[in-house]
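What follows is chain A paired twice: with chain B in the first complex and chain C in the second.
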Partner chain A sequence: MASILFYILAFVLLAATLLCVTCRNPVHAVIYLVKGFFALALMFYLLGAPLIAAWEVIVYVGAIMVLFLFIIMVLELAPREQPQGPGWKRWVPGLMLAAAVIFCSLLIIFQDPSAASGNPAHFVGPRAFGEALFGRFGLAVEVVSFQLLFAAVGAYYLGRYQPREQDKEETS
Partner chain B sequence: MIVPFGHVLAIAVILFVLGLTCTVVRRQLIMILIGVEIMLNAAALVLVGASAHWQQVDGQLFVVLLMAVTASEVAVALAMVFYLRHRQGSAVADDFNRMHG
Partner chain C sequence: MSDLLLSLALILVKLGLIFGVILGMAAYLVLAERKILGRMQLRHGPNRLGPFGLIQPMADVIKLITKEDFMPDQADKWLFLFAPGLTALTALLSFVVVPFAPPLTIFGRELPMVVCDLNIGLLYFLGISSLGVYGVVIGGWASNSKYSLLGAMRSIGQLLSYELAMGLALIPVVLSAKSFSLTDVVMSQADWPNLLKHPVAFLIFLVSIAAESKRTPFDMPEAENEIVGGFHTEYSGMRFGLFFVGEYINLVIIGSMLTVLFLGGWHGPLLPPIVWFAIKVLFVAFCFIWARGTMPRLRYDQLLHLGWKVLIPLALLNLLVTAAVLLAIG
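Right, the complex of A and B next:
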């Protein structure tokens, strides 16, 4: 049962990624990748990592992909929309992938009550996770926190406001 | 373990190759970064699969560190795309193939 779901989700993930790679419009590519990451989060859950599945949705889908969309829209990287309305053929792949992900998640919740209560094959609870993360891997957490700080400082440095040369001349 | 570990590895390899293809083939800087994201997710899939295979929590912990690495990489890379677009007026990789000697 769970293995069949896993293969369906793997197919959804690979199909969505293939559509993302081949799509010409960056906005469509990012949305397809979001759909693939939802399938990947369900696969993580089936492999016994519910916390990672939640963070996949929160961090990847909620933060990183939205950041990509934000940059695409700010820089206007997407080509202009064609004047004619979207034909129904363009809806088919997205709708099928979304239907597969929704079907699999509903099946996990309703057909497999042990999985819904948080007990798949090898379940890693938050307590064991946190103890291992802040016990044995405490130094790694410190190093990663430094890295995040450096990345924030670097991004701030790159994005700081600099008036252009002609703007300076105009104001002076 | 609900599926054989080899199948997880096969899925991850296909995902990684798709990301590599996206990185190599596409010319827009945004799509190159998306290819890097796909490759990092293939690595995360391998780590979670290995964690389930050997019944150890270490693989999942490493995925958390990988997410932090990805977040910092995306922050700096997107800031650089923004910077390049404002300085050079382009976000296509082919426009940046010359150095000021």
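Right, the complex of A and C next:
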């Protein structure tokens, strides 16, 4: 049962990502990717890691994709031309993917009734997860977080305010 | 199997009850807001329909349903239709993890007074509240209108800036409860409410949650005298109604979360627990309406400065001090 669910979710994830890459409308692409992340969260849940599933939704769907939307709106990336072809082509794929994700989550609940109350049969709790993350894999976590810090400092360095040559001449 | 059916039936009954109560509360909060604001501005507010205008919410609903529902030219049709529902849905979903009374024991069966006591309830709340922005943003973008787009952009910037501070302010609460479950958080406040144990975290959370749910003085995304109606400029009829209801459901959610996390939940002397819970929620809602009646709107750059340069460093410092103190006490 779990393996069938896994393959359905994997298909949803791949289809959503493919649609995201090929979609001309950037906001639609973001919505496809969000559906992909929901499928990924359910896959983590199937693997017995509800905490990672929750973080997947909070961090990727709730923060990173929202940032993408912000950038799309700041840059005004909306397509100028009206979309061609029949209307169903635009909403049927999205609806099918969403329906598949909802169907899979319902199946998970019926397969493992205790999942409905948040305590699935086999899972890693927040405490064990934290101990593993900051104990056994502590070094790796620190290295990755340093890398993120370097990336942030690098981005700040590249994007810092530099007065242009003519501005300097005007002020001097 | 019958056990599964019974627990599913219980969950459905609780969902139905909460759905009804929350929608009713949201409808009457609209009336309360109009009445209280009216009094603060030396007016009467709505007082024609029924005693003290108590049937006014019905009239509002009938008006919204019978209004024409139109769509701007070249709007992104499906997203435009879908966005208001998403807003109302995410607002309603947050209530699933809110415990509103201690567990009851009926027929030898323990019945928790919460739809679903997730062991990561707090994370669930944070996740759902960050999903709430999608309805606003997609609605604003799909309207194909400058004002809507401006409102949507403002709401994203605001949400991203304050979400971090809100999450950081909740960590001291989790540290002292030693659990992410909201029931455990309430249990840990049996002696002293978290308001007294973590006053700084309370203030940060109060400001951030007001900013997250776009209440005055942080209502830039729908500042009516700058950008018409912000993200809901182009909406009419019941679709506008869904945005509107979502906002007032959010007010109930703010009240419940503040109550559960900082005001001691259902704990209180004399009165039954559920009454204490309702009193606290309504008091918080009243304070937010009061703030709307008295405080001017912030400028957008002031809002971002407050978020990034004051609240986040303060929350980090508070977290450090709280963790050190808790470690020292043991």
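By our rule, the second predicted complex is superposed on the first by the 119 of 172 C-alpha atoms of A that agree within 3 Å, B and C clash if a C-alpha of one lies under 4 Å from a C-alpha of the other, contacts with A are read in each partner's own complex, and residues count from 1 in each chain.
The working rule: contacts are C-beta pairs under 8 Å (C-beta built on N, C-alpha and C of every residue); 3 or more make two chains touch, one makes a residue touch a chain.
All figures in this text were calculated on a predicted structure; none of them were measured in a lab.
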Applying the touch criterion given at the start, work out whether A:M96 contacts chain B, chain C, both or neither, answering first, second, both or neither. neither
Is A:A132 contacted by the first partner chain B, the second partner chain C, both or neither? first
So in the superposed three-chain picture, is A:A49 touching just chain B, just chain C, both, or none of them (first/second/both/neither)? first
With the two complexes superposed on chain A, say which partner A:M73 touches: chain B (first), chain C (second), both, or neither. second
The chain contacting more residues of chain A, comparing chain B with chain C, is B
Report for A:L106: first if it touches chain B alone, second if chain C alone, otherwise both or neither. neither
After superposition on the shared chain, which partner residues are touched by A:G62: those of chain B (first), chain C (second), both, or neither? second
Which residues would you name on chain A as touching chain B in one complex and chain C in the other? 51, 55, 63, 67, 74
In the complex with chain C, residue positions of chain A that touch it: 25, 27-28, 31, 34, 50-51, 54-55, 57-58, 61-63, 66-67, 69-70, 73-74, 78, 82, 87, 90-91, 94, 113, 116-119, 125-126
Give every residue of chain B touching chain A within the complex, in rising order. 1-3, 7-8, 11, 14-15, 18-19, 21-22, 25-26, 28, 30-31, 33-35, 37-38, 41, 44-45, 48-49, 51-52, 55, 57-58, 60-61, 63-65, 67-76, 78-83, 85, 91
Once bound in the complex, which stretches of chain A touch chain B? 2-3, 6-7, 10, 13-14, 17-18, 20-21, 26, 29-30, 33, 37, 40, 43-44, 46-49, 51-52, 55-56, 59-60, 63-64, 67-68, 71-72, 74-75, 77, 120-122, 124, 128-129, 132-133, 137, 140-141, 144, 147-148, 150-152, 154-155, 158-159
Chain A-facing residues of chain C, complex: 3-4, 7-8, 11, 74, 76-79, 116-121, 123-124, 126-127, 130-131, 133-134, 137-138, 141-142, 149, 152-153, 156-157, 159-160, 163, 180
